[in-house]
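Next come two complexes built around chain A: one with chain B, the other with chain C.
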Partner chain A sequence: MKSWLITPLLLASLALTTACNQQSAENPDSSTKTIKIGAAVSDTGKYAREGKDTRQGYELWEDWINSQGGIEVGDRNYQVEIVYYDDESSPDTTAKLVEKLITEDQVDFLLAPYSSGLTKSASAIAEKYDKVMVSGGASGDSLFTRGFQNLFSVYTPASYFTQSILKALSEKGAKTVVIAYEDTLFPTNVAEGTQKWAKDYGMEVLAVETYPRDTADLSAITSKFKSLNPDIFVGGGHFNDALLFVRSAKEQDFNPKAMVLTVGASNPKFVQEMGEDSEYIFGPTQWESSMQHQGNYFGTAEEYAEKYQAKWGEPPTYQAAGASAAALALQMAIDEADSLETEAVREAMKELNEVTFFGKINFDETGKNIDKPMGTIQIVDGKIRVVAPEEIALIKLNYPMPGWKQRNESVSSSSN
Partner chain B sequence: MKKFSRIWLRKWGAFPLWGLLILLLSAYPSTGASGIELFTATQIFLWVTLASNWNLIGGMTGYLDFGHGVFFGIGAYTMGILVTNTSLAFAPNLSFWQALPWTGLIAVIFALLIGWATLRLKGPYFSIAMLSTFAATRELIRILRPVTGGGSGLDLPPVLNRVGDYYFMLVLMAIVVSLIGWIRRSKLGLSLVAIREDEIGAEMRGINTTFHKLFAFAVAAFFTGICGAFWAWQNTYIDPDVVFLQNRNILMIMMCMLGGLGTVWGPVIGALILYLLQDSLWSNLADYHLLSLGILLILIILFIPYGILGTLKNNKISLLDLLSRRGFDTPHR
Partner chain C sequence: MNQFLQALINGLLLGGFYAVMVLGFSVLWGVMGVINLAHGEFLMTGAYLAWLLFNTFSLDPFISLVLIMPVMFILGFVMQKYLLNRLLERPSLATLLATFGISVILANVHKIIYSADPRNVAVPYSGSFEVMGLSFPIVKTLIFAIALAIMAGLYLFLQYTRLGKAIRAAAQNKNAARIVGIDIEQVYAITAGICIALTAAAGAIISPIQAIYPFMGQPFTLKAFTITVLGGLGQIPGALLGGMFLGIAEVMVATYVPGIGINLGVVISLLVLIVVLILRPQGLLSGLRKMQTD
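So, the complex of A and B:
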């Protein structure tokens, strides 16, 4: 036998043995199985910031559940693997990635992207392939009027944003409301809800105004509102609009007794930017680490925040907490269903009724989380403090807020 | 006879090949292609169709339309308003096929109105006028809240059918590219090219330039409107920001420029290459995605201003010429 024949023979036998080894490794009995969960979230584009928080929230849960030994289904423990892609904040890319997650990566469940708009594109695909999709970053009410069976969101719906504060203020004697909101999906839902709650709590809506996206000047609206002299001013928009509202209110000496601003006020950057002018402003919030929620899994809201801080080196935003809560809801439903079948998990989702660090999670037939009250914060001495609803409030709310001129006097008198 | 067949081949030879390609592609879904593969192919067909439409007005007629996405938006919103079941002022609740002809038709009416005004402008003035039309229409859609849903957008019926989508776009692409191939070789197409090269000269020779320009504009608008309608249906949700995307205008132009302005097959090749490039390579560049898009645009204009096909067709230009950016004034067609 020629010697050069030996090498290929050796190689062939080596290949054969590896093949056999691989076969035995794939034997289901001797391996731990994983549950694959797909998530297309924004790393880039206009939701890059919130997308990053969302992803960190998902990852915190992923690490935590795997360190706990995974999820038990039947008599086997499953590790969890989340497959991430960057949706570029674009509906085209989101659609493509969700399709890819389902048909190519063959994930068992889906976690939704950040924002109501992207979730609209994504949830239609989840529905088509009959996959459960849980959202921790979308609150648009119209997400839940499309008749979808598989979409669930842990957020309090947008139309409930101002409920707790309007209730509290009506008890303090507020009688009139004016509303200004950006003409996009989420603020529109907030404004519609605000009108409803104002009526429910016996208040009169004096005026409703809209303004376009990316506006740079809101003084026309505040000057109109000034002449109406309302008790409550509700501004629905995004971070920048909150800054504009406060600036133009001060400039024009528009003095409502309470200012409620939807997105900006609960963000610590708001206080940094506005300084003393941010005092007394109210802001609805999905979640704050100081809220008195406690659940079986991450413990209290405070304990969750500690875990988050330890992993990511920054305090969690409510977007991050919402993402972890969404994943947690999915985990509890899988636990409850004791199955990985879509139908069983979907039914378990609908039955879910648990208190978690994020608040109560209880989905109605359409997938909305109906039992979690929307919190409201007020900025007091430069700190973000929960003031409503009463059950989770830390301090009593300050009402009415002093006028801009009185404030300057009190500041100058105190400095004297 | 032999000469005739050679001429025929040179003029129409690509069409049997195109037909064969479409035929092959029509078998693709039955090979067990997955949802994502069908979806990706559908998006490529969509971009080929959009780029080809832009090429008709931008490449052949020489009117650089920086706001062509406006017809995409008009089509998308016409579809959205006609098929969505809402409590808005006007919601006839039609089916996809009932609504489809209207989407193209309304885009054409819009094109005739806009074109009548803007096509009198030349060069950059036309480009800027179209860009403004694009932005103005987006704001108009926002204001017409009782019909369009304003900034909160419209929810279309969430009926998704990837195989159906695939065939719809395949057929639309086949029609549009063939039509443009035919126009390019017809007297009509020659008139359009004449307008591009010398509008006054063309007019002197008896070409009705206004009619020809409006015709090209309307055809491009019709099919772009249909594309928009399809996109709205596929995405199941529209609002002014996702429909009137500035990026879409730019991509259409880049695809044509990459493939070769004014050529029939240029936009096809350009769209295919750019989409796949964007898909694979750029998704890894994350934050530098738009930056790389810009750099590519600059590189195309600097080194291959006539696109891939325009450069290949010109035997006189060597690689060295391209790199040293010589030979720009050589006639390329």
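So, the complex of A and C:
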């Protein structure tokens, strides 16, 4: 019964092997004409969602560059091949896989995983083996204070998150700021930056409050802030905090003239789940498809979003766009260096100064992208609109925001 | 003065929620000695059910309680009858492991069904009302009222009904209860059903003020542990006292200490816990306990 199946199968596989052998015999240097790039990205675990976005961003670039004929180095065109592994959202696994990518798969360059935490461990291995690693998903300032040579990130660093909105609000006449943040790494970086920018733009910081992870109630902070009557409130750490701040501000009738939430507001889920209470809230964002960026490679942000939508059937998140931008930065550096040597490409990365669909990419000595201003969105009529900085803004920002009680009146009077 | 009164109100409201959140955990532990590590996940399940009913049928979370509690009662009943009852005679590590397994399963099943995106129930009445210059958040006041009602109901049930007395008897002395004809296994299953239903109810009523996501449960389990030990096992007044104490302590410290207030509030509540464990290991109120029969 089974023997009649096995024979043709054997024959077929034999034929296939010979065919493959023949093919590689015809192109003896086909393996040398490929640039191998390694990427350990989360497919499972905590960062499963963002990891998927990151990988889709990388793959979009890979398809696109190969369809353009690859990257030209010397007088040869190289195709690109990205080798992926699932890092399971674990820093230890990431480190092991990056080592495997370098020693076993012998990749030429590395693309980083999503998140500052995973990138921290991945970049340590890249540094050990002296391989260039480009990240499209890490903004922690502390990544760039370790004296590493080989890590570059296209994200605006965390300490710059509130720069554009504080600048815009100071121009509107805001004078005082209160800050509340979760005492973990990333929110702390953001809050330290916020204090610095507030001073730079001539505003006074009235109070700074911290709170631990997994806090279930923040009404003590909002009621304290209420008595200070500040112009600007900056707060947040995670999505839950953003929600707690909005809910308790409304409950306590705490009415700053502007509410800036570090995390959450630029996520479409925020508007969807919070409803009308999310109106007027500001939030920093790495990238939105409506931003007025235009580059030489993917065109405008909007055009990039269309390409992404066509390939993956969903609009790109900023994580996906960041990933494509990271790969693009690597490509531009290889182009510029006209070499595949780590040292030449690394120097070219540092020299890079180019506007792309993701915004300006210009790395400093430590590998931070210093020239890309952080965008700020405001939720207006249930839509996420870019309002700052001015050169990429879509609409003028709404300031001051109406008090909670006035809003209810205007809603009820308009319905009358 | 006004700030003090406002902080007191905020603390009381938070405490009321803590108290109702801890009930199911505390009674389950007090009656059959099961430390339910899946407590927070059952709370999360209740919150998701409330979100689902709100989103599909625009059912208010405070009304959907009448649907959520029976469903979760059955879940708790089945879990106890077919799983935990078989493990009760084993070393207590067995039930710890089993409930830990349940917590992992529940969290990940919810992740598969709802994805990891955070949800929230945006009730239209999320503002506050004022009484004598003090503001009372509407949702939190409702939560407080329902918490008190649930606690009063459970107290009366345990104190005065035949089944309630059977539950207390089973907690005090299993063998003696068996001798007088109480079906221990059945009583345990009903107790677990009630506890899981209460926990899910707590999850449902906080759905308008918390982000709902599959991994939200763990901090609640930890908090429940603290409050139960503070107040006394399986005791409704104990849960109320422990919850109130924690709520008021956290809000007061957070209001009057600048900068690190909320952090310090948590530190202080845990310091008090250590002091209570040293001076009154049975909790502020002595809870449901086994009678010394030997």
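Everything that follows uses one rule, which is that the second predicted complex is superposed on the first by the 385 of 416 C-alpha atoms of A that agree within 3 Å, B and C clash if a C-alpha of one lies under 4 Å from a C-alpha of the other, contacts with A are read in each partner's own complex, and residues count from 1 in each chain.
Just so it is clear, a residue touches a chain if its C-beta (ideal position, glycine included) is under 8 Å from a C-beta of that chain, and two chains touch if they have at least 3 such contacts.
What you see is a predicted model; the values in this text were computed from it and never measured.
Partners chain B and chain C, once the complexes are superposed on chain A, both fit on it without clashing.
Of the two partner chains placed around the shared chain by superposition, chain B is the only one that A:T44 touches, whereas chain C remains out of contact. Touch criterion met: A:S223 reaches chain C, while chain B stays clear of it. In the superposed model, A:W404 makes contact with chain C only, not with chain B.
Applying the stated contact rule after C-alpha superposition, one finds that A:I125 touches chain B and leaves chain C untouched.
In the superposition on chain A, A:D253 contacts chain C only, with no contact to chain B.
When the two complexes are overlaid on their common chain A, residue A:D183 makes contact with chain B and with chain C alike. Applying the stated contact rule after C-alpha superposition, one finds that A:E104 touches chain B and leaves chain C untouched. Judged by the touch definition given at the top, the superposed model places A:L206 against neither chain B nor chain C. Superposing the two structures on chain A brings chain B to within 6 Å of chain C, judged by their nearest Cα atoms. When the two complexes are superposed on chain A, the residues of chain A that touch both chain B and chain C are 183, 210, 212. Looking at the complex, you find that chain B touches chain A at residues 34-36, 39-40, 43, 139, 142, 145, 150-153, 155, 158, 160, 162, 234-237, 239, 241-242, 283, 286-287, 289. Residues of chain A touching chain B in their complex: 43-44, 86, 88, 91-92, 95-96, 99-100, 102-104, 117, 120-121, 124-125, 127-129, 142, 145-146, 148, 182-185, 188-189, 210, 212-213.
Residue ranges of chain A in contact with chain C, taken from their complex: 48-49, 183, 207-212, 214-221, 223-224, 227, 239-240, 243-244, 247-248, 250-253, 269, 273-277, 404-405, 408. Residues 3, 6-7, 10, 14, 115-120, 122, 126-128, 135, 137-140, 208-211, 213, 216, 218-220, 223, 250-251, 254-255, 258-263, 265-266 of chain C are the ones touching chain A in the complex.
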